[in-house]
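Below are two complexes that have subunit A in common, paired first with subunit B and then with subunit C.
The block that comes next holds the complex of A and B.
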């Protein structure tokens, strides 16, 4: 019996390390441009390289494993390459593509690797429906899910990335569309650096340190993304640093430490977004005069806006803490909404003040501010605050158990009270 | 004799019109804010305006009610001669203070349970409210600490009017003045100095101590900002929890010991 057990264990152990007979590199080498190289199911170890326009097509169970610290698959100096239906594993990078014109990566699984996909000096790249799961550990020891360097005409869509340093890292790229991706539990959801003509649309960023980090970038559109639960130390929904011409539209920005932070940025339009339950909804520091937040909904945020003395414009937004009235009945409040608060300004100047956020003393101070600052004319003042807004979803179903527990507690404590008096 | 005293004190507390009004007021304000906010705002995890309101209502109202009622109860005993009469019974100062403490804690617990009961009942009718466990623990700690402080204030004041004014002074110092003083100091000193002063204030101000505890035990210390990373990391460790419990116990025991000292010296003088 014991022998059989050992034999089974031996078999199981060996099955992890046995590699299929099919020679992947040989198949790539003999393929002619335009051919489809079909890789049967099995585990193949090697330092595979593609230098001609072919399609690498796996099937369920096709796995490529890198050797030592080498990438599992390299694609170099070629055009029109497609890789699909493959699982990659190894220590360092899964796929590295250099100087490729026309690359499609789809249906690829990458797990426990340092970096998922690394693209450099390439154009016309389409990465979709890939799944990258990094290893456990600190972000500093991990690589990025998908990283693009010095490239142009890139589309990254429908990917799921988790537990990496930056979900999607983009550096020195011209014309890129990042859409319908989901990045969770990473450092930054998507990180743009020195990029121009970029779009991030319909993405979901949840539980990262920061959802969207945009630095030294020009001409970017961020639309219809959901950015939630970035409330760690130094966490932001979006952070824009030295960004020119950004349009942030129709996003849902919910439950972040700071919803949107703008630093040293110019011509930023923040339009028709939903800011819900953030500690600070918008923060601006050295933002240009034409930076404007308009037609947004601010609901349940502790601080709506804070800035340095330069401020930014607030126009026609809805604020749930606006207390003005609309005698003209035009949907616009008759008195301006003043978002500026002493505490908010102090927090920008001296971060240690953050300790007091929403403390009893600050709440009282903010209430007084709202009376005093009604004379404020310049910074963080919305002269046309909107009054009507779509309602938060109703919760009107009776919770019978909770109601009965509540009634029991109330009645029994009142009975005890009465008994205490009469005894 | 000892249990008789507790029963008597509890009876007096519960009979007090002031206490009954406080019960109604606390229940009304607490329920209104929590239920309205729960209905108006979306349900999300983390530190939100809703949880901030809950925490602030708790920290604003409960210490105020406990300090005033608790201190006036002790000062009233001294002022009316009831305390001198009690001395003729076979009962020590320690037993008197312990009896007073237990009776006050039970009375305020009843007030809070009524309020929580109404919140749950009304909230349940309107679709359900969240009453996090940590709030219940925090409320209990608030009662335990502030009843102890109230007894010390009452023993020090010895007259009801002085006890009332002294309670208001302490309440405003704990709730507002220490924070405002720190914020004012922060405008003229460096950030790291303000950070250290704030850490000291957390330990010497029971309101800040409870607020800090809320962030630690709900795993939301990041709300306090990166400047407090080290201290929040420490208090989030098992040793930190032990220190938190120890400091909380000190906040309960020290005022009671001080009250005993005051009443003993008063007895000896009179």
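The block that comes next holds the complex of A and C.
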């Protein structure tokens, strides 16, 4: 019995390494520009390369496996290539595209590989609906989910990426839109470096070290993203380092160690975001004078803002810990809101102090600050604090059907009860 | 006897006090170490740097460019020792005596393109493999224009 069991296990194992007969590389070689190369379901092992404008189309069960450390699929020096409906596996990189003008990758599954998609010196690239799952282990030993280098006109949308180093890594790219992606359990959700004219919209970043890491980048719009649960020792919702001209609008930033941190950055507009339950909502050091946080809602954060002596502007935000009054009844507090906190300033210099943030002594210090800092005029002062978040009033509605059913049931119950008594 | 003991202990104290303090490099901890300048976590150990301060603290850097930015901002007075990884051997070497090579095509974590080695021979070996670059010494790094170059 035991021998039969082992034999069955052997065949089960062998069945996973059987490769299909169809010759993928030969089909690519004989295809003419514009052709669709259909790859039947099956597992194909090789170092496949595309150098002409064709479509590689798989179906459910089509799997390409790389050999040794080579990429499973390379696309080089060509234009207008589409790859769709394929699962990739192997040790190193799944797809590497170099010098390609016009590339579409869609419905691709990549699992347990070092790096998912690596694109370099390419333009007009559209990557959508792909799924990258890295292997277990520390992110230092992994590659990126999708990495784009020295390229332009890129769209990355609707992808799900987890357990990699950086979900989407972007370096030296012009004109890029990253939208509707979800990145979890990685080092950085999306990492921009030396990039210009970038947009990150409607993305979800949860449980990474940092949601959005933006470095040496110019002209970037970050709008309607959800960034939550980045509470590691070095975790940030967003970190902007040496960034010029960024607009951060309508994002939900919650439960992070620091919601948004700005370092050496200029012309940053933080507008109409919801900051909820972060340890520190906004932190700034060496931020330019025109950096401004306006019309945001701060609720449930331990520290609203902290900065170096340079500070940044706070204008017309709602603060749940503001205790002023509004005698003019214009929705704006009559006294300024002062966000300066001695402890917050110390935390900028020594991040390790964060572990004392809710201790009794710090609470006492913060209370003293609130009394003393009422005289503060310049740093982290909002002279026009909003008193209440926008309220939506809804008129009472009557559902006639529900009311009639309820009335009928009540009357029926009463009738049954009365009948029971009279009998 | 007590007197002799006192003399021996005092001598030991004086000898320890006069001895030159050594500053050993420490291992990088990827879970917690981030670059002092740019805040990136250290995942490419072969380019990492560190400064052992005279007060016993360590500052960690992901790239020689960030290490130099720290030195430019804070000076060298408080530095006990400074180390950078030899990119070929992945071993700590002295920043001040290392040989450097720059090319805009060399990748480093900050993409500054400057890589460190323990000897000029190692630089030549690197260039044979990775392409030609410009040989630099520590003093050249002070005037180097850090950033990406077209």
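Here is the rule we use: the second predicted complex is superposed on the first by the 380 of 423 C-alpha atoms of A that agree within 3 Å, B and C clash if a C-alpha of one lies under 4 Å from a C-alpha of the other, contacts with A are read in each partner's own complex, and residues count from 1 in each chain.
Here is the rule we use: a residue touches a chain if its C-beta (ideal position, glycine included) is under 8 Å from a C-beta of that chain, and two chains touch if they have at least 3 such contacts.
This structure is a prediction, so every number in the text was calculated from the model and none was measured.
Participant: If you stack the two complexes on chain A, which partner ends up touching A:353: first (subunit B), second (subunit C), both, or neither?
Facilitator: Only subunit B is touched by A:353; subunit C is not.
Participant: Which partner does A:279 contact after superposing on A: first (subunit B), second (subunit C), both, neither?
Facilitator: A:279 contacts subunit B only, not subunit C.
Participant: May I ask you to decide whether A:233 touches subunit B, subunit C, both, or neither, giving the answer as first, second, both or neither?
Facilitator: both
Participant: More residues of subunit A are touched by which chain, subunit B or subunit C?
Facilitator: In the superposed model, B touches more residues of subunit A.
Participant: Under the stated touch criterion, which partner chain does A:165 make contact with: subunit B (first), subunit C (second), both, or neither?
Facilitator: Touch status of A:165: second partner only.
Participant: Go through the superposed model and pick first if A:368 touches only subunit B, second if only subunit C, both, or neither.
Facilitator: Once the two structures are laid over each other on A, A:368 reaches no partner at all.
Participant: In the overlaid three-chain picture, which partner chain does A:215 touch, first (subunit B) or second (subunit C), both, or neither?
Facilitator: Touch status of A:215: second partner only.
Participant: Applying the touch criterion given at the start, work out whether A:320 contacts subunit B, subunit C, both or neither, answering first, second, both or neither.
Facilitator: First partner only.
Participant: Which parts of subunit A are in contact with subunit B and also with subunit C?
Facilitator: Residues 233-234 of subunit A touch both subunit B and subunit C.
Participant: What residues of subunit B sit close enough to touch subunit A in their complex?
Facilitator: The contact residues of subunit B facing subunit A are 7, 10-11, 14-15, 23, 38-50, 52, 55-56, 59-60, 107, 110, 113-114, 116-129, 175-176, 179-180, 182-183, 186-187, 191-192, 194-195, 198, 207-208, 211, 220, 222-229.
Participant: Under the stated contact criterion, what part of subunit A meets subunit B in this complex?
Facilitator: My answer: residues 228-229, 231-235, 254-255, 257, 276-277, 279, 299-302, 320, 343, 346, 350-365, 392-393, 395-414, 416-417, 420-421, 423.
Participant: Inside the complex, what are the residues of subunit A that reach subunit C?
Facilitator: Going through subunit A, the ones touching subunit C are 138-140, 165, 171-172, 187, 193-194, 209, 213, 215-216, 233-234, 239, 241-242, 261, 263.
Participant: Spell out the part of subunit C that touches subunit A in their complex, as residue ranges.
Facilitator: Listed in rising order, the residues are 30-32, 34, 38-43, 45, 111, 147-148.
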